[in-house]
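Shared between the two complexes below is subunit A, which has subunit B as its partner in the first and subunit C in the second.
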Partner chain A sequence: MQFFLQVALSGIATGAIYGLIAVGYSLTFMTTKVLNFALGMWVMIGGMLTYSLIARMGLSPILALPVVMVSLFVLGVVAERVSVYPFLRAGSDVWVMSTLAVGLLFIDFAELIWGRSPTPVPSYVGSEPLRIGPIVMLPQQILILGTAILLFLLLEYFYRRTLLGKAFRAVAHSAETASLMGINSRLIQLTSYAVAASLAGLAGFMVVPLTLAEPQLGTVLGLKAFAIAIIAGLGAPGGILLSGLAYGALEGLISGYLNTGLRDILGFSLMILVLFIRPEGLFSKVQAERA
Partner chain B sequence: MAKITRRTALAAFGSAITTPMLRLPAFAQFGPIRIGYAGALTGPAAFTGVDIRRGGELAIADINSRGGIKGRMLELVARDDEHNPVRTVAQYRELVEREGVVAMLGATNSASMLAVAPIVNDTLKVPVIMPATDATAITENEAAKAGRDNFLFRVGMYGTGQGNFMVDTAVKKLGFTKIGLLNWTGGWGVTGRGELNRRLRELGLTPVADETFDSSDTDMTPQLIKLKNAGAQCILNYALVRENTFVVQTKQKLGDTTPYISGWGIAGPAFWVAAGKAAEGVLTSSTITIDGPQSPERLALLQKYQTTFKAPMEAPYSVFGAYDAIFLFAEVMSRDGIDPAAIRKGLENVPTFKGLVKQYDRPVFTKDRHNALTEDDMIMCRWTEGKLLEITYDAGKPTVATDVRTRRTLDPTDLHLL
Partner chain C sequence: MSRRSLRLLCVMSVAALLLAPQLLGGTYYIFLLIIIFIFSIAAIGLNILGGHGGQFSLGHAALMAMGAYVSTIVSQALFSLPFFAASGLHVWIGLIVGTTVGAATGAALAYPALRVRGPYLAMVTVAFGWVVWKILQEWVSVTGGDLGIASIPKPQIGAWVLDTRHFYYIVLLLFIVSLGLQHWLMSSPIGLRIRAVKHSEIGLASVGVNVYRLKVWMFIISAAFAGCAGALFAIQQNYISPDNFQFFSSVFLLLAILFGGPGTFLGPVVGIAILTLLPEFLHDFDRYRLIVYGGFILVTLYFLPRGVMGPIESRLRPGVAPRSGCVVPVSGRLGIAGLAVKLEQISLNFGGLKALSRVDISLASGEVHAVIGPNGAGKTTLVNVLTGFYQPSEGRVLIDGQPRALTSLHASARLGLARTFQTIKLFGDMSVLDHVVIGLPAGYENPADEADGLIDFVGLSAFRDSPASSLAYGHRRLLEIARALATRPRLLLLDEPAAGLVQEEIAKLIDLIHTLRHSGITILLIEHHMDLVMAVSNRITVLNYGNVIARGTPTDIQGNAQVVEAYLGPSHVHA
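Right, the complex of A and B next:
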């Protein structure tokens, strides 16, 4: 039982990282049907920026977080304008490639700016392991878990209760109709991309003490997060968190009881299975939204 | 802006057609003797690739300052293969056929060297000395097996030897019988896992657990608990800095003090930078360490590296290996000339050599042994307070020298300092 709890909880802590990143895919997809395929690299930029601010410049994490999020928001505005909107406007799907190209550029720039060696960033909440009965967790893992849950509550509130959130949903439903209702669809598209970038910055800020600062830190994480967003359904932010946590726990249990080599085979097979049975994802409602 | 006259136009035309000609092999005899290098100068493996180039450049600077090879200067022509075998192959051709290099420093990726080995032996026919790539099959290649001329030589770690050395150290020197394995599923980890299993089998042992992890694992809790529950007294590992950092961080989190022995992927300062105190007590096999007492020759090179590049040395085995490789080439070229075939033959006939990785009082290479370093030349080191200290055995007990005067014995069960 102790073994079960330890591997499941360690897995859930990793799953929270996936969930935190995966929500970014849903943000842009819901408004414009665009996916930032390089989201993992944006997470990396957030992480590397955090490293510069905290480990090199000695800024406190509380101050570094807004700097990172605002920087990535601005970067998101620029990237959307340059690499997504021109293709979207022309009705082309080339943004698939151009978002990836931006990500590859990020990796190369990161190598030039920060070098290639993995460097540590100290945990924001201490590194003394926490013991909950027989279970051991790192404080940073618990912080990530808490942040992920808080973020999803905020998003839920944003979508349901705020005017801007409702505008987001309206544009998601039909950009044209929303425009006719006086919503600036273009602005919403731009904002959703930039907010997704900013949240990637938050994810990078949160995970970098666990993953080490290095230009490849987000690549695989972004891929797994993508699988989770697909499993949950791109239109269901709450489902994405749950799927992330469940996926993490599953990974931990597969590694613990079976074999690490089987983990990704089972994980990605699950994604294909879900796509097969429920193409819209486990948590997405099939156009059930009231018009 | 200068006006283009007929004369300048003619001069420009003239230099445009003659400059490329100077690069042709036929003209090479008037210029410097060129040594080639293709390896990762960007990307995750660049820490070792750049250090190979730097080691080569420092050696060439030293040789040139003493007058070069019979008055001719040496020159290093480097290419970035991005750790990609396809690029390595193309660049080897380019370096030999267009740049006219007469010898090469080996790449950073074993897969690259496995890909170029048959081309080097059958077509290009230039000698290569490798400081970093450890796959056994690179030197024990088809040409070697068929008794043809083998152009590939190694001054770094070689795979089979390292596998033997790690297992033998754990079993014979440190006395562990229940060995657990924890390896990376990336290329190097896979071959390493094979070597460890092979050696354990040869000694009549089976690992009590044979765990793996991949590059996306940042938390190794399940694997480490399984190893502990299986009763592993000691864990053997092949992985690089990043993955090993996650292993030791998780070990620290779990309060797991099981001895941990890794291959030479973490035998450089980068590991301590990444893992910090969590790396304390980790053992790693290596061919060289720049911590602890050093010879004056090594100290001089460390000093030169600092003043030339103003950066910390990330891969000592690459710097010192490349340095030795260039000096080996130089010694043979001064004696046997600069024909690539003659250099190759000459390398098999260097009776003694004062290298910086090792001082050889036996032939560095022979016709049948293209690995300069054997298992007996490998060293086991322990990460101790930020330093990689060589373990020596005092009446059978493992010890490390924490400073000039103090030798401290390691606890036989968990290898902490007594």
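Right, the complex of A and C next:
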């Protein structure tokens, strides 16, 4: 039982990271039906930047976080303008490749700037393991879990209670109609992309003390987050957190009881299974197809 | 360029390729050509799926891996038996099994993955590619793990072991066969559907095509090419490892197609050739590999949206001139037994909204029945129930007296219900002729003649070979009618055919419906334009808020106070 709780809880902390990233997919999807295909690479850039700021320049994490998030926000604005918007207007799916291309550029540039070898980043809240009853958790894991939950509460509040949040949802429903209602759809599309990038930066910031900072960091993270976003349904930000945590717990259990190699194989197979049974995801409402 | 010079060019290129081993000195160049051919085979497969059909996969490297590993394992196992070792059959059986397993893997992936579209499909294929890559690494007892499999049996015919020079001819042969298969497939009726599915799945389903099944088959065909290429790759390299089949290999394949020209004949080959040769000439390429690829993708998307070959091939394609005097006139085609359709107590709710409540409508065979009503009355919902988009929550549909479950658009179309759409669903830049041919049932000796008759009937003969995307709005509506008529329907559902038409075009539409009425076909007309409705309808049903509020002949309806109220508000009734 103790082992069960231990692996499940550690898994949940990892799952929180997946959830953080996955919410970025849903943000852009809700407003533009566009996904940043290389979101994982953005996480990596956030992580590498964190490494430079904290491990190299000695900045405190409290200061480094806003710098990372703002930088990625700005980068997100530029990337949207260059790699998404021109193709959005043409009404084609070409942005699949263009956002991916930006991600490929990121990997090589990161390797040129930071080198290929993984480097450690110290935990922001100490590395003394905490004992909670029979279970041992790292403070960083608890920080991540807390951040994820806080973020989702904020997002739910934003979408449901604030005027801007409602504008977001209006654009999600129909950009054209929203424009007619006096909402600046274009600005909201741009912002959602940049916010997703910024959140990827946050995820990168949070994850590097647990993993290591390296240019290959983001590929798998981005892919798993996508699997979670699909399992939950891209239109359901709240469901994405839950799925992220559950997916993390499942991963923890598989690696704990079976083996690490099976972990990702089962995870992705689960996504394909969900697609087969419920293509719209577990938490999304079915949207009737219209002719 | 004329057909003859094109053929001459083909013959000359094949001759050059046949002589290449003699002309090129070192084995290095032959090796490069073999690699280009092998990856071209995979790219041709991906082109059928993604370029022609618009279903992009980023997991084709994994399908190649299936071909490579399975063929290797089979051929190594057989090699231990003396019969195979002596006859050399083990290699070729491996190649066939590898191709087959590649195709089967494609099927296993396609069934669940094709439930989603476009970008989601691409991402699911990424995940699939990753799973396969991971299995190759982890399943050490079979795949050798990260170390891979070495000393793959050499190609051999009888006791004669082929060297690179001879193997070149085998690969060349398979490469030319692949190009030929692509050409054959894309010029067949299936090819027409593959091109159409890229533009509008709904439009394609409306002519009776099971779109999901079509896409699964496209995936299987595409996967077979990838499996074959993977098997050839293993034989050529003599050594394979998971690294050969990483995600970036899939990106490479897709990039080659985008760059070469998606949906063109030679695009995949040109793309692969350039992207393979590029690193050979670029110093220190590996360090900047992703920057080069990423940059290439962006530049291609901006400046070459149709790739290198797109503009070239569309200039080379010879148009097919209509043969005069072969037009089959439609106006004289009488005696269609129009369907009699009865909707009984149909209800449909969207959440709390009652879109239709206990609607009864019966369409007699051969009548023109109009359904009118203010916006949001449930008119299009009614058409969507009849064409299988929505399942009614209550009630049933009787067709010629038989209760029928209308479960999908293509199934409805096969029952003889053809429809047009309020928001037009045409196949992008495909020609007017192609739009009509695609709707025709199989079995016409000269589909083009039959199609010409329908095109002439709706008055689009002058635009026969123009892309649909270049047509004026009104003409697009007419083209949808021609496409629907091509399926030989017994019930035609016209969903706001006059929307966006000018007066002149409406007059023509009225003539057209009159002519159709004489043929015996049943017509259900959803329309706002009252002149049109009153001019052509036998009977009219009026819907408001999902309820039938009136029914009768045009004269009955014109005098109905309730109808006037529904349209104009209560104050106008007594005014």
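Some notes on this structure:
The working rule: the second predicted complex is superposed on the first by the 286 of 291 C-alpha atoms of A that agree within 3 Å, B and C clash if a C-alpha of one lies under 4 Å from a C-alpha of the other, contacts with A are read in each partner's own complex, and residues count from 1 in each chain.
Heads up, the rule we're going with is that contacts are C-beta pairs under 8 Å (C-beta built on N, C-alpha and C of every residue); 3 or more make two chains touch, one makes a residue touch a chain.
If you're wondering where the values come from, they're calculated on a predicted model, not measured in any experiment.
When the shared chain is aligned, no partner comes close enough to touch A:L153: not subunit B, not subunit C.
In the overlay built on the shared chain, the residue A:S117 is in contact with subunit B alone; subunit C does not reach it.
Contacts of A:G252 after superposition on the shared chain: subunit B is touched, whereas subunit C is not. When the two structures are aligned on the shared chain, A:G261 is found in touch with subunit B and with subunit C. With both structures placed on the common chain, the touch criterion links A:M57 to neither subunit B nor subunit C. By the touch criterion defined above, A:I272 lies against subunit C but remains apart from subunit B after alignment on the C-alpha atoms of chain A. Once chain A of one complex is fitted onto chain A of the other, the partner contacts of A:L187 are absent, as it touches neither subunit B nor subunit C. Looking at the shared chain after the overlay, A:L138 reaches subunit B, while subunit C stays out of its contact range.
On subunit A, the surface touched by subunit B in one complex and the surface touched by subunit C in the other have residues 108, 220, 261, 264 in common.
Against subunit A, the residues of subunit C that register as touching in their complex are 56, 109, 111-113, 115-116, 118-120, 122-124, 126-128, 130-131, 134-135, 137-138, 202, 247, 251, 254-255, 258, 287-291, 293-298, 301-302, 305, 350, 380, 383-384, 387, 389-390, 409, 421-423, 425, 495. Remark: subunit B residues 42-44, 46-47, 185, 211-219, 221-223, 225-226, 229, 241-242, 245, 252-255, 270, 273-276, 314 touch subunit A in the complex.
Interface of subunit A with subunit B (complex): residues 3, 6-7, 10-11, 13-14, 108, 111, 116-120, 129, 136-138, 141, 210-212, 214-216, 220-221, 224, 252-253, 255-256, 259-261, 263-264. Only residues 35, 37, 82-83, 86-87, 93-94, 96-98, 100-105, 107-109, 112, 219-220, 223, 226-227, 230, 261-262, 264-265, 268-269, 271-273, 275-276, 279, 288-291 of subunit A touch subunit C when the two sit together in their complex.
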